[in-house]
Structure formats: C-alpha cells, structure tokens
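Chain lettering (A, B and C) follows the sequence in which the chains are written, and residue indices restart at 1 in each chain.
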Amino acid sequence: MKNFIDLADMPREQVVELLSLAERLVHKPEPQALAGKILGLLFFNPSLRTLASMQAAMARLGGTSFVISAGQGTWQLEMRRGAVMNGAPAEHVREGVPVLSHYCDALGIRAFASGVDLQADLAESSFNEMVGLVNKPVINMESAINHPCQALADWKTMDDLAVPRRAKFVLSWVNHPRALPLAVPAATVHMAAMRGMDVVVLRPEGFALPPAVMKKAADAAAANGGTLRETSDRDEALSGAHVVYAKEWGSTAHYGNAEADAKARSGLADWCVRDTWFSRAAVDCKLMHCLPVRRNVAVADEVLDGRRSVVQREAYNRMVVQAAVLHQLLSTPTH
Amino acid sequence: MKNFIDLADMPREQVVELLSLAERLVHKPEPQALAGKILGLLFFNPSLRTLASMQAAMARLGGTSFVISAGQGTWQLEMRRGAVMNGAPAEHVREGVPVLSHYCDALGIRAFASGVDLQADLAESSFNEMVGLVNKPVINMESAINHPCQALADWKTMDDLAVPRRAKFVLSWVNHPRALPLAVPAATVHMAAMRGMDVVVLRPEGFALPPAVMKKAADAAAANGGTLRETSDRDEALSGAHVVYAKEWGSTAHYGNAEADAKARSGLADWCVRDTWFSRAAVDCKLMHCLPVRRNVAVADEVLDGRRSVVQREAYNRMVVQAAVLHQLLSTPTH
Amino acid sequence: MKNFIDLADMPREQVVELLSLAERLVHKPEPQALAGKILGLLFFNPSLRTLASMQAAMARLGGTSFVISAGQGTWQLEMRRGAVMNGAPAEHVREGVPVLSHYCDALGIRAFASGVDLQADLAESSFNEMVGLVNKPVINMESAINHPCQALADWKTMDDLAVPRRAKFVLSWVNHPRALPLAVPAATVHMAAMRGMDVVVLRPEGFALPPAVMKKAADAAAANGGTLRETSDRDEALSGAHVVYAKEWGSTAHYGNAEADAKARSGLADWCVRDTWFSRAAVDCKLMHCLPVRRNVAVADEVLDGRRSVVQREAYNRMVVQAAVLHQLLSTPTH
C-alpha cells in the first residue's frame, strides 16, 4: 500500500486484511512499531475526530505527529494553478505541500470540496494535485468526494456488530442548516456496496447523488455480490432495514447555489431521524452517522441517545482502523 | 483517585500525599512512568499555562498529548440539553466529549463559567454533564467554579516557601477591565481554608463571593483548623498578612450584567496592588496571583517585579503538581 | 552554545561545525539524543515551515514539543514596558515568557518586527527583552531583524549544491502586495557575506537595506574574505550571478508608512523573477527563496517550477540544521 486515498484503490480482500490488522492491534498493541516515525497532518478544514484520532493512533504505535491548519497559525494556502498571488493566501500548495512532506514520513491531508464546481469536485482535482506533490505516503483525511478513513471505520463497526454482509443498508439524506459536501455519502455508499450489502440511497428529489458516484458504487456492488438502488420513498426504503446511515449533503440539482439549496430543503425539516423511522425496520436496526451531527435537525435526541445508535463505536473505530493504515504504510520494511 | 475535579473530593491527607508525590517526581523523575499513555486536552477557552504545563507534565512522564480547542481548528460545541442545533455549534458535547475520551487515557477539560446564570455556574452543571459522559479519568483544567490544578500548585508554592499553616492568607479582589469568572477565587479560598490557614476575603461591596462558595470554604476551615472571614476594610485585612493573593472577579451582585458590573467597578481603580499595600503586612509577606495578570490594572509593576512576588513559582508548580495528578490517575496498576 | 539567536554570535568555524553536525545527523541519526527533553515553541506570528520543521527536528532526536500561539488558543501578549494593561492583551511577556521557559528545556520564539519604528526593530528591543526573561536556551525562530535558522539552512543548501565560497550571490528585492519585514534580507546578506561570497544587494530606489544592516554584513565580508555592494542596476547585478536570492521587503525610505510604501512599489511589478532574469547569469545559476512566496508576484511559475529553483532543498534543510542546533543546545553534557 503506497497511499491511503480511496477504498476503491484496493481489492476487497485487502480491505478485509486491513480490518484484521486493525483488530489485531487492538488486542496485541505494538507500542514501538512506529517509533521515530513522524506523521504530518495538514488541515484545510476544521476537525475533531480526525485531529484527535490520527494523533492518538500514531502515538499508540510509538510515533509522533505535527499539525498544520491553514488559516489557523498558518496562513491560507492557494490551490489554483497559475494564480497571480496578490490576495489573501501567502503560499501555494505547490510549495507548502512538498515542504511539509520533507518533515514527515507520511502526510495526512484534509481538503473539503470547493462546493462550487461539481465536476472539479468529483474529479478530486485539488486533492490529486496535492498527492502528486508528495513523495511520502499520503492519507486522505477527507477530500472533495471521499473519506476512506470514515468508510473503513464504518465497515469495521458493522463487522464488530455482526451486521450480515447481505443486510439492507439504507443511506438516508437528513436535514442540515446548509449544504454539506458529498464526501461522506459517496464514500459510504461505495463502502457498503463493496462490503456486498443491499444498498438503498434514500433522498428527497433534488438531492440524488451524482451519477458518477452511483456508478462507482454500482460497480463495487456488482463486483462484490451487493446491490444498489435509490429512492425517495422513505417507508419503502426503511422497511426491513438493518442499518440506517444518516447523512446530510447539499442539493446536487443546485450545486454551489446556496440560495437554491436553501429553498430546496425548506420543506424537508421532517428528514430528521426519529424513533418512528424504525417502525418497520429490522428489530435490531442500527443508526449510523459519521459525526458531527446536528441534534434534533438531522437526528433526534431520542435516536442518538437510544439503543440503536452506534455512532460512538464508529468514532472509536476511526482510531482503530487508522492505526492499521499507519502501520501498513509506515512499518513494513519494504515501503 | 478516579478523577481530579475538586480538591474537596479528597481528604486533606490525600492532598498532602499528592504534594509529596509531586515533590518526589521533581527529585526523582520517572521519564517512563506514563510511556504509551495519551492525554486528551479539550479547551473551550483560551489558555497559556495550562496548555503548556499539561503537555510538559505528560511529556516528562513519557506520555503524549493531543489538544482540541473548540472554535479553533475544531468547530464550536453545543452544551445545551435538547437543543435544536441549527446555529453555529456543529456538534454537541454529548457526542464530542465521549468521542475524545475514546482516543485518550485521561481527558483534561477547560470550560469557563457561562457568566450568565450564577446558580447554574455554582452547580457546575455543564462541567458535570461532561464528566458524566467520560469513562476515563477527567482532569478539571478550570470549570465554572473551580480550578483545582491552580489550587494545588498554590498550596505547594506556600509549602515550598515555608508559609506556616496558620499564617494569615488574604484573598483580595483586584481590578480588571471586565468581569472574570469565580473559579480561581472559589478554588483559592477553599484551598487556603483546607490548608488550615487564617483566611480573609477582602473585596469591595458588590463583589462578595457567593454564600455557597463561602460555606464550602468555611466547612473546610472548620474541618482543618483554619478560619474564614470576609471584609471590605483593606487596611485591617492586610495588617499582618503573610500572603496576599490578588484575584479579579465579576460583581456577584450584578452577575451576568456587564453594564452594571462596569458601573460597580468604576470607582475601584485603586484596587491595584501596590507596594503601599504591604506597609502593615508581615515583613516577608508574599504576593500570589494565578496569572494572567493585567499589569498596572490588577497589580503594579513594582509589586510583580519586586521581592514579594512568587507568581513564577506558582506557575512552575502547575507543571509539578499536574505531573503528580497524572501519575496518580494513570500509572497506578489499580486505577 | 548557550542560545541560537544570531549567526553573528559565532565565529565562522563554529557555523561550519554546526553544518557538519547537521550533515552527520542526516547520515547517522540519533533518535534518542534528546529523549525526555521538551522544546517550547512560542509564536507571535503565523508559520508553516518553522512550526512543522522545529517539531520534526525535535521528534527525530527523540524529544517532544509544545506550541503556544499568541492570539490563537492563547490570548495576545503585551510587550510594552510599563503598560497599563486595560486593552486586548491579557498577559505581559514579562509573565508569559518566563512561565513557558519553566515548562521546557529550550524555547523557540518567533516575533516579527513591529514595522513601525525602524530603530527599535533594528535594535531587536522586543526580542532581546524576551531573551533576557528566559533562563533556558533560546532559539530565534525569526525576530525583527534576523532569521538565523533560515540563514543556516540556506548556507547548507549552497554547500550541498557545491556553490563556491567566492561565487556571486545576488540578493534581489522582489515585489509583494505589501511591506514585509527586513529579517530575512538582513540575515541573508549577512550569511552570504560570512560565507565569504561576493554579495550584491539589488533593489529599487527607496528599498535600500538600512546602513546598520549593510555595515554588519560588510564587517562579516571583510572578516571572511567576501565582498559586499548594492545596486539598482538589475542587468549588471544579475550578470554572472551564481545565486539569485529573491526576497520581498518593505520600503525603508517609508518604514511603517503603508500608504507611501504602496506608492513606492506601484511601478515595480516587473520585479518578479522570470526566466529572462537569468539570460546573463552563470549557466547553473540557482534561484533561492525562503518561502512563503507569492507566485507570479515575486517569482514566476516558470522559475519556481524550473531547474534553477532550490527552494525545496532550502526548506528541507530547515529541519536538518535545526536538528543540529537543538542537538548542540540540549544534548551536550555541559550545557
């Protein structure tokens, strides 16, 4: 494994092996495995879980980390090619990213979608440009259209809870005060399909995932014995569900248009997961969410505080699977 | 010791033991005692001493730390129960705090008073709610009404300087451009009383400490051979003082009312500690302050730069006593 | 070596030894040399390279670091002597700096020029006051008029590239949207002179380096077999150059006057290094820059992305030479 950028870069068996390594490191910690190694963490966007869990994973393996947050302690970084840099950003990623890569043994990067140009975001043009500037392993800590650390943690969470491979997995759009990126829904639908599940994307009109995202997930389903479909019929989607994965994202019909997005979601306040959503679900149906979650906007207190919620295990597993990723990238004698 | 939240949770002997451990670790460092352990540090408010001294204490014992600052690199966190989260905070402490506790072996939390509702602040409702969400040891890095790390450092400072147990300890209100929380004065008066000192709270009218704070300190005095009283007579209070502990706090008569507080302090600019304050004090009377201090507003240059000031030793002792707390919480095989 | 504040504090041989140590540590790492040691990093100004490379250098030697950023997580710090502190800064450096020095074994400080009072900036009055408050080794991470870590890294970069001692070194002023400090140009011209090079300072009228800066560099040249002169004739300066070191700085004729500075640079947009600048330079002439650099304002893409640019090696060498500095300050049994 050279980088950890997209679960789709790996065959299913390699993901399964990574999850086994993660489990092994929980039970047989290796507190010196990465002694002397340095992890650089570059954030273009705020973070809680990622910031803490990456450092914790590295520390548990004996390594150390440094954190650079563009716009917080460090100036803003320019991403546009050919820019005449007479504005706010004082440094271009073409300098800043390779510089940071000199100082570390692996570099994690978080860079959310522009939210303006859907095609550029789907193409991961900014993230890929940065990856091309680094000659050390890169870890995707959430890019425009992907969040493989979260996807891997969620896969492990379902394994931990013995959710069957062919269980019904419903990714449901939920409400939020404003448009959020497509990274987690895209990564989630692909992960569930790659796990071989029966995946349903439930979303209101105007919020369909982009065709390229659905196509990638459908391919993963086809290759791994799963299925994929989408619907706006909530009752039908939730019926018999084993997992409801709630996630907020922006209107794809009005991508980058905050006003139109606000209008599109104006009548959708009932897309807040409540206990009633589970009335026809499987008896032990779980509620998953990557966090952060807006309580009583996206998911009601009663669900987050109830027996179905496994959001804490998902968050815990972030550290667990990232330790495996770091171990894989940095401890093998041949990397 | 399960948590370190309030000196009042411990009998006096346990505090004395903790101070002995702190002293022992200075003279016989244990650079591997917490190897492999991770300290999480969650700040809702700015910090200098706490941020640096907690990391330094952990490092000197061989452990590592990560820092999360709500609103700086991490989004704001919601504390209100049942909130419909459609405002600025992107995550509730009910998610964020347990998540962080998964990634560490002990969690330090700094969360100042609301400054709005005195009863809620006195009840430590926010802080206690967070403590209830964590299944790891919690360290209070300053809550609404307490600052046990500071209190312990100050106790050690007086021991280092051989200030007698029954010495006269004057906690004096001093001026500040605006209302500050009650955490340090409340912790200080309780600590001095628990140490068994003759404690005088000196403050202008309108700035009396809340009855609950005085009651808790009076109980500690009674149990440990000390005394406690309050006055607004500066000359009388300072006469024969062995320690003057200067501290700024908001008007309790106008709690949460910035305008009334400003008016209440408008004539109080002479509540800035100057050399003349010590004219009838004990010859070797010390000036203590927890820092940060507004020079020439709360304490004059002549005092801070003079022979009476022990503020640097207090700050140094923050690291020293916190090392003992971390050692106690994390190194014992039975914790 | 007690502190690392100014290359001028050392004889040339000591600099050469430090560069040898740096090289040795690259080839024979000492991952335990600073085990148990703590580096404090105090930033009054933003940083990318310094923030990451100092932590990385410390980690590669087995030590740990903590970071304090005034105004980011920590309140602003007051520097003025005798200030009545009723404004924004909550703490004076006279408290904050010694406090931090208690918690670490060496303290790095970054504090840019005021940009208001040239004489005070040239005198390093703020920085020197802070150094005087610390009883541990201090590392200058960029002060008003100096940046010895950068200078040392640049010296090493030229050694790595076998740039001859008597090569022609042109420090050229380049454009920037606003006035920047004199720290890097002052440190660079002195470093090149101390290395024994033929140094030319190329700058438009109104941007001459202060006489005190030129005098210090001239003395270093005289002592070490180099030469120093200045000119505004670009063609003549660049002719035969072996190194072009591009750097932005503010008008010294209008120091602290943003409006006059903007006017002074209004016609200077062609002071952006392009390939054409090298038409009469030495065939293997290098482009150096300390970074961050404004692409297509200070240096064109074609140069930064071309074969002459050695900015990445300069940045890499920051970590390399700082490791030597830390090793020298902290690992010797006699420090």
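Here is the rule we go by: a contact is a pair of C-beta atoms (placed from the backbone, for glycine too) under 8 Å apart; a residue touches a chain by one contact, two chains touch by 3 or more.
Since we're looking at a predicted model, the values are computed, not measured.
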Chain copies touching (chain B, chain C) - same or different residues, decided at half shared: different
Rotational angle, Cα trace of chain A fitted to chain B, multiple of 5°: 120
Chain B and chain C, separation of their C-alpha mean positions in angstrom: 40
Contacts with 2+ other chains: residues of chain A: 64, 72
Touch list for chain B against partner chain C, complex: 29, 31, 43, 46-49, 51-53, 55-56, 59-60, 62, 64, 67, 69, 72, 177, 291-297, 301, 304-305, 311-312, 315-316, 319
Parts of chain C lying in touch with chain B, wherever the complex brings them together: 35-36, 38, 40, 64, 66, 68, 72-75, 78, 82-87, 90-92, 94-96, 98-100, 102-104
